[in-house]
């Protein structure tokens, strides 16, 4: 069991009706995607065709910031606010879509873009899965 | 002119139809609100009635994270993506509303909650103003 | 192989003499510790003895911020600056020590503090290991 | 009086011997520098000579992250830990120096680098001033 899952189990109050597996999966996907986007933006900077990758860098920087924030919000359970959670998950899914689409364009040429696209797709799906389960 | 405004003027490409004044105001409000929420959550921890302030702390922590991310996304103009900007502004306004409402409950007792509520209201309005101006 | 490790392998330029295994371990430890500290601070807020946990909350909040920043700095390799890397690793190790020590005091009573202490110790050691390997 | 200063005055417990003016100045400088670095890195991405600016982008990204974290740590006063504060201020001053030096190289050509260099210098000095005052 991951540390994320263990800490969720150690939360001292009732978590309500949330799907624990989807919540854990979403936190883990946010964290993974944030790091992948940070690394991909940096790898872009070291490519010889960096001038073709400026949109990719910008989108990855946004995605890293939003995924980190989403992972933090989802790691808090005290005084749960459904409106905040939903709006943050929507923003995260939207940004992962944008970043995944942009990395997709460069995936044939750059392995980091292929890996980053995969992380963005996983995170987008994890956010959508969690949003759907919130009813 | 603030450093935020000066840097916006120094951006080398066309910014499109965005309302520069509303954009600057929103970045400044996000930054101010993020710091206020961080300070308010900490001040809550040092109050003798901290047990009554746990919802305030949680909401302020979320708001600090989302305002910082929103301030960053709005400080980037390369490869502007309207969907990302809108969804992040919606999440920020939603969270500022929640945080402002919670601080409002404690404003009669704690000066930091009154100050933080004011910063949250300013940021919520700045986000809504910018969203409206995006058409 | 983790996504962190895969992205490191996909970096297009020479990484210099850095120990790749220690670098990957440190990024992973930073990310894990940041999430654990965010979750532990929130779990503290939901404990009935929250008034006894305010130092733990504060230290965990600092540790989450510094671990996230360290994970980001270590995920970038373009134009490596040894002074920046060292000073950030020192700050991270120092903060993980403080947070681990404080969580240690509460570990007998709260499972989340025990888990968080373990994450802080792993991250402190990973930072020290990487610092030592930098020579 | 800035919102940063007002919130410091609203902190409910004793702040110890810290120099309030230097503390406020440092929080404000960190926040200003973080935003300037985020905006400068993005402006770099939109310059036609982006391939010459990759070191500047990387250093600005690090500096934005570290300045934000430093501004957060300095905005918290509960259970003050001198070792954490010092190590974070050292890391921030070191990174602002690196970022200011790199922006200095591009300041003759790019107004955003000139503005960002100024923000980095102010923040480095504010960190050093606060460190010195801590004794």
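Just so it is clear, A, B, C and D label the chains in written order, and each chain counts residues from 1 on its own.
To be clear about the criterion, a residue touches a chain if its C-beta (ideal position, glycine included) is under 8 Å from a C-beta of that chain, and two chains touch if they have at least 3 such contacts.
Treat the numbers as computed from the prediction; the structure is a model and nothing was measured.
Judged by contacting C-beta pairs, the busier of the interfaces B-D and A-D is B-D. When chain centres are defined as mean Cα coordinates, C lies farthest from subunit B. The geometric centre of subunit B is 19 Å away from that of subunit D, both derived from CA atoms. The mean-CA centres of subunit A and subunit D are about 27 angstrom from one another, to the nearest whole unit.
In subunit A, the positions touching at least two other chains are 42, 45-46, 54, 57-58, 61, 68, 72, 76, 78.
Of all the residues in subunit D, the ones that touch subunit A in their complex are 41-42, 45-46, 50-51, 54, 57-58, 61. Contact residues on subunit A toward subunit B in their complex (touch as defined above): 54-55, 57-59, 61-62, 65-66, 68-69, 72-73, 76, 78-79, 81, 83-84, 87-88, 90-91, 94-95, 98. Only residues 3-4, 6-13, 27, 31-32, 35-36, 38-40, 42-43, 45-47, 64, 68, 71-72, 75-78, 110-112, 115-116, 119 of subunit B touch subunit D when the two sit together in their complex.
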